[in-house]
Each structure stands twice: as structure tokens, then as C-alpha cells.
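What follows is a set of structures to go through.
You will see two complexes here that share chain A, one where it goes with chain B and one where it goes with chain C.
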Partner chain A sequence: MSAESLQLFCTFGIFIFMLAAIGVYCMLATYNLIRALIGVELLLKAVTLLIVAVGYITKHNALTQAMVITFIVIEVVVMTVAIGVVLGIRSHTNSLDARDIRNLKG
Partner chain B sequence: MNLNIFILIAMIALALWTVMTRSLLRAAIMLAFTSAIISILMFRLNSPIAAVFELSVCTGLVSVLFISTIGLTHPSVKEETFEHMVDRLRKFKFLPFIIIGMGMALGLVAVKINLQLPLAEIETDARTVMWNLRPLDIIGQVIILLSGVFGVIILFKESDKK
Partner chain C sequence: MYSWFILFPLLSVIILNLPFRGMMNKIAIWYALALSIAQVYLVLFPVNIVMPFLQLNLNADIISRAVLLCIAIVLFVTILSAKYLIKKEDKLFNFVNLLFICLAGMNGVTLVTDIFSLYVFIEITAVASYTLISFYKDKDAFEAAFKYIMLSAMASAMMLAGIALIMLISGDTGFFAIREALKVSPHSSLIVFAIAIFICALFIKGGLMPFHGWLPDAYSAAPAPVSVLLAGVVTKTLGIYGLIRIMVSVIGFDGPLKQALLFIGALSIVVGALAALGQSDFKRMLAYSSISQVGYIIIGLGTGTALGIFGAVFHLFNHAIFKSSLFLNSAAVESRLGTRDMDKMNGLASKMPVTGITSVISCLSAAGLPPLAGFWSKLIIIVALWVSGYRVYAVVAIMASVITLAYFLSLQRRVFFGRIKEDSMNIKEAGIGLTLPAVILTAIIIGVGIAFPFLRDAIKF
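Right, the complex of A and B next:
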């Protein structure tokens, strides 16, 4: 692997790690369900970008693009179902706060 | 190379804005902008088809989903919004410093990565890989899409009980 490719991967890796950290922090720090989903979305975007970056440095762009397309389809389906669940919770509890759905706790 | 770094910094700044803004609607719009920036990066990394998918599906469809959901839920009153804003600022005020510190630390640590270059690529066209070499992926995508559709139908099914 050339030094230039390694340098590019390291640069992208640092920023991808930062993006993933923002997503994880958002999920951990908020009680709002929609905001938590936004955190999940940021984390998924970091993973997508990592796959594309690895495909670029290993010159397997075609394979990684096919994987990313599949990944994006899965991402959208997960988001759609999660938003459906959030709307269901909203209609039952009249709130988007995760603390209001602790009925099963204990 | 430098342009890539500028785009990556813009991506991190937009992501921070997404999680730190007090308005949910603004957060959804900033998420769309983050996604658009990521699609530019994908295009620059020689993945144009994935970039188009990211731009159309993640920037378009997912943003529409989020904005519709925010529209369906009633906005909170001004006092509640202010209360939430103070609470959020308390929680998120250290996030930019943590992220910048983390980035600087990762940049300073000289990690020796001994990556091995895999075998030469057999196929260079993503369409051929998708349709000829990995047809099971397409079937998997169709099954996942159907699962999502049925999942949403079950979630929103009207109860038969009167």
C-alpha cells in the first residue's frame, strides 16, 4: 500500500471516528426519541463513509459501492420502522421523552 | 487533498450543529446537509453510484421522513423549548471540545497500520458487481424492503376492537 493511500486513509479515519463519536454522544445524551434517531443516522453515515474510503484505498470501488447501496437500503428501512415506532409511542404516551416509556422498568 | 480536509471539517461542523441545535426541524435539515457533504466525499472517492444513492435516498427520503415526523408531533410551547434549550446546552457544551480534542489526539498518535493490499479487482463496474456477481444482495434488499413495509403496516394497523 502506498504512503499516499495510507495518509488519505488516516485522515479520513480520524474524521470518520469523530463523526461516529458525535452520533454516539447524541444517542447517549438525549432523551428525545427523534434526536436519538438522528444520532443513529450520523453513526450509520460514518460507517458508510468508512466503507467507501476503504474501497478507495484498496481499489475495490465496485464491490464497496454495491455494499454501500445495500447498506443504504437497510438504513432507510430501519429508519422508517423506527420512526413508525416513535410515532406509536407518541400516540400512546403523548410524549417523545424516553423517560416516559419506562413502564416495564423494575 | 486539502480540499478533502476542508470538506471533512465542514462535515464535522454540520454534524455538531445537527446535534447541538435546539430546534428539531433545524436538526433534520442540518442532517440533510451533512448527508449532502458525505455524498460529495463519496463522489471524490470514486464512488459515484453510491454518492447518488446517498444524495437521493439519505438526503432526500430520510430528511422527508424526519421532517414529516416532526410535523406530525405537536411542537412544544415556548417555555418548554427554552427549558429544553438550557438543559441541552448543559449536556452538549463540552461536545465540540471533546470532538476537537479527540481529533487532535488521533492525529498526533502515529498509529502504525500494516494493511495488506488485497488481490487485484476482478470487476470495476459497480453495476456488474451488483447484478451479476452479487445477485443475492438484490434479493436481500427486496426482502428487507418488504419487511419494512409490513412492519410499518402492522405498526399503523387500526385496531379491530371497538
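Right, the complex of A and C next:
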């Protein structure tokens, strides 16, 4: 990796790290299930950006584009199932609060 | 020919959901049984079926084939028990479709040769298993599924970040290319970080000790056939096989990594076994025992020697067999008593003899008593630890084996031995759909255990 591309990667890296940190904070700080899922989305978006940045720096744009598109599809499927589960929880407890689902003790 | 292992289940989903649903509803379950038997046959006796189009980049060595065999056997018993436990035809049809997606994903994980496809197939299997866990839409199942989704999403993010950072030096995602690139620059801090988060992600997927929060919930809240599948193969294929594959084919073994694996393995063995001692729910005890047994697999892998890896894969196989059998027993007890609380059971062996005997044999195999199959794999792992100089860990493994025996004996004493309670006097043996699979699995345990000394030379590793 040359010095120039390292600098570029660091610039990207700071932004990606901030986005990921916001996502993790969002997951940890809230009791609302939908907001927690939004936090997950932010985290996954940060990772998507990381893949794009890596593709740009290593000049493997075609490969990373294919990866990113595959990843977006997977992410949509996972989120659909997750929202389905949240709706199921809501139909049982009539709320979206994570404190209402504490039957199982981990 | 390996492409068929992935494409055929996926094509089956499409074929089953085309028109003629009415007819397909009836044949779906038999079709699934036939498919799992076909997979057992194809793994044991490979046939070179030429694939005219769509050449996928797949490969299978002896480790992948052992895992493919586990998947097929556990799938077979899952389908048999589902046929018995899921009464509605529509529900059963949906269940079979989800199983096919799961099967395609797991076969994919075992066969891929690049790290991004590994991620894709892990995610396919995981999505199918979230749906399977919340199959009956009850509250606990949704809670368990949500926990699993959140932790899995973290794992996905970590795994992909790892892949991206590894790509930064290798420029490619193939196992071989990454291995070559790692040889050139093995110890840059970025790569160490990338490998660390990738392996942590696999630990989450496999439910190892610091990351195990979702596992007991998911196993105990899932419907009975799904618990069999999850405990037997899903988490083992996603997390543990993934880890073995990455370690063997990509990263290779070096000092700190071996120490980390050994430590995590020993921690899982001890804490999992101690946590299992304190459980009163049948399935939760089995789930914690599963964490403990997975620790043995990881500790065997951590030696980094061929003997240790052989022991790890053999224990993975044995674990799939005996843990599926025990979950079938728990399903049998639950279907008759309507509860999983072990304090409300006693002396069931006199009323449910088949379930009692199969569970005793499975427990003893898990605790490592000769000549059952579990004894040989534990022996190989402990010998591998001793030979490669990790004697402290060998002693830990032996000691934890005693705890394993303790909690399984406590399970047996509370559920099957002793005097039967008044209110369960007219309990009958569970139906053929739950006893037959348990008998098959027990036969495999005894057969492998007795035949292993003779097979030892035949297995080329």
C-alpha cells in the first residue's frame, strides 16, 4: 500500500469508524426494538462503505461491487425477517420495549 | 458434482412451490427424506455426476465430507420427528421448505473455497434458522429469535469488516490467494485485527463461552425438531466448521492464535459444564452441555496438530449424533408430559423404556465412556493435547469430563430413574416418529464406538 492510498484509507477509515460507533451506540442505548434494528442497519452500512473503500484502494472495483450488491440483498432479507420477528413480539406484548421480553435468561 | 449439494435443495424449493401445491403438500416430506438419504449415499460413495453448466468453485476434503454426512443424518432424523410432531399439513410443508433452504446453506458452507461465499452461505442458513426458531410464533421463541438476530448481525458486521481488511492485502477472497498473501505479510497489525474480528464473529455464530448469550434461549425456545437441527448441525456448521475451515485452509496455526483457541475452548468446557449442572429445564441443560462439548472441539483444534484436528472433527460428528438423540428424547418426554421442568419428572424409564435407554447411551457417549463413540473422540483430543505439550489443558479436559458425567447422571436420575410419580402413572412411550430416530442415532453411536479401532487405519487423514 503506497503512502497516498494509506492516507486515503485513513480518511475513509475515520468516517467508517464513526458511523460504526454511532450504530453500536444506537443498539446499546435504546430499549426500542425498531431503533435497535436501525442501529444494526447503521453498523452494516459502515461495513458496506468499508468494502467500497477497499475496492477503490486496491483497484478491485468489479469484485467489490459484486460483493456489495450481494451484501445489500442479504441485508434486506435479514432485516425483513427481523422486522417480522419484531411485529411478532409486538403482537404478544403490545409494546416495542425490550424490557417487556425478559422471560429467557440468556 | 459438488454443485448438486447446493443447487438441488434450492431447485427443490422452487419445484415444491410451483403449481400442484395440493399434490406437493403430500409428497414434500417423503421427498425431503429421500433427499437426505441421497446425500448420505453421495457422501459415502461419491458419484461423478457431470454438471454441464454453472461450474461453481467448490471443493471437499475429508473434513467437509464428515460434516456433510452429519448434516444429512441429522436432517433425516429432524424430518422424521417433524412428521410426527407437526400435525398440520400446511405447516409441515412450510417447515420442509425452510429445511431445504437451511440444507442448501449448510452444504454451501462446507463446500465453498472463498471467504465471501462462506459469509453468504452462513447468512442464508442463519436467516432460515431465525424463521425456524419462531416457527410456532410463541413469545419466548420470538424473544430468542430476536436475540439471535441481533448477535448474528453483530457477527455479520465483524465478519465482513474482517473480509474487507483481509482483501486490502490479498486483493482476492479465495482461500488460496489469502493464504499466499498472508505468508508475505503475516504480522501487520491490520491483519491481526482483521483475523481477530473474523474469528470472534465465528465464535458468536458457534455460541462459544463469552459469546454464548443467545444459544440456550434459542435451543430451548425453538420447536422440538428445530432444536434437534440447531444443536446437531446448524451452529456447528456455521461457527465451528467455519472456524476449522478458516484455520486449516487459510490462516494456519501460530502461537498466540493457538493459545487463544485453547483458552476459549477450556473456558467453554468448564463454564458450560458448571452452568449445565444448575439447570432444571431439560432443553436448557442440553444447550449448556452443547457449549461445553463445543469447547472440546475448539480445544482439539487449538493444538494445531493433525491428530488434534482429527479429534476435533470426529468429536463434531459424535456431538451431532448424541446431542440430536438427546434433544429427541427431550421432545419425547415433552410430548408426553407437556413440560420440560425436570423437577416434575421422575422414574419415566419404566413407562418410556426406549427413550430411557437411548438417552442413557447418548449421555454416556457424551461423557466419554468406552466403548461408545464419544470416548474415542475425547481420548484423541486429550492425547493430542498431551503430546503437543499442553498438559494443563489436557488435565482440564479430563476434569471437565467428570463434571459432564455428573450433570448427565443428575439428568438421568431426575428424569428417568427412581420411583414414578402418581400423576404420571398412565404415561405411554412416545410415538414411533420420536423413538425410531433416537434408536437409529444410538445404533450409530454404538456402531461407530465399536468399529472405530478397526476403522482407524481406513480413515486417511
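Throughout what follows, the second predicted complex is superposed on the first by the 105 of 106 C-alpha atoms of A that agree within 3 Å, B and C clash if a C-alpha of one lies under 4 Å from a C-alpha of the other, contacts with A are read in each partner's own complex, and residues count from 1 in each chain.
By definition in this document, a contact is a pair of C-beta atoms (placed from the backbone, for glycine too) under 8 Å apart; a residue touches a chain by one contact, two chains touch by 3 or more.
Predicted model only: the values in this text are computed from it and were never measured.
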Chain B versus chain C as contact partner of A:Leu43, first or second or both or neither: second
Partner chain(s) touched by A:Arg35 [first = chain B, second = chain C, both, neither]: first
Which superposed partner A:Val81 touches (first chain B, second chain C, both, neither): both
First (chain B), second (chain C), both or neither touched by A:Ile69: first
Which of chain B and chain C A:Ile89 touches, first, second, both or neither: second
Touched partner set for A:Asn103, first chain B, second chain C, both or neither: second
Touched chain A residues, chain B compared with chain C: B
First (chain B), second (chain C), both or neither touched by A:Thr58: both
Touching both chain C and chain B, counted on chain A across the two superposed complexes: 1, 9, 53, 55, 57-58, 60, 63-64, 67, 70, 74, 77-78, 81, 85-86, 88
Residue ranges of chain A in contact with chain B within the complex: 1, 6, 8-15, 17-19, 21-23, 25-26, 29-30, 32, 34-35, 37-39, 41-42, 45, 48-49, 52-53, 55-70, 72-81, 83-88, 90, 96
Chain A contact footprint on chain B (complex, rising order): 1, 4-5, 8-9, 11-12, 15-16, 18-19, 24, 27-28, 31, 34-35, 38, 41-42, 45-47, 49-50, 53-54, 57-58, 61-62, 65-66, 69-70, 72-73, 88, 91-92, 95, 98-99, 102-103, 106-107, 111, 113, 115-118, 120-121, 123-126, 128-130, 133-134, 137, 140-141, 144-145, 147-148, 151-152, 155-156
Residues of chain C defined as touching chain A within the complex: 116, 120, 123-124, 126-127, 130-131, 134, 137-140, 142-147, 149-150, 152-154, 156-157, 160-161, 163-165, 167-169, 171-173, 213-214, 216-217, 220-221
Residues of chain A that touch chain C when the two form their complex: 1, 9, 20, 27, 33, 36, 40, 43-44, 46-47, 50-51, 53-55, 57-58, 60, 63-64, 67, 70-71, 74, 77-78, 81-82, 85-86, 88-89, 92-93, 101, 103-106
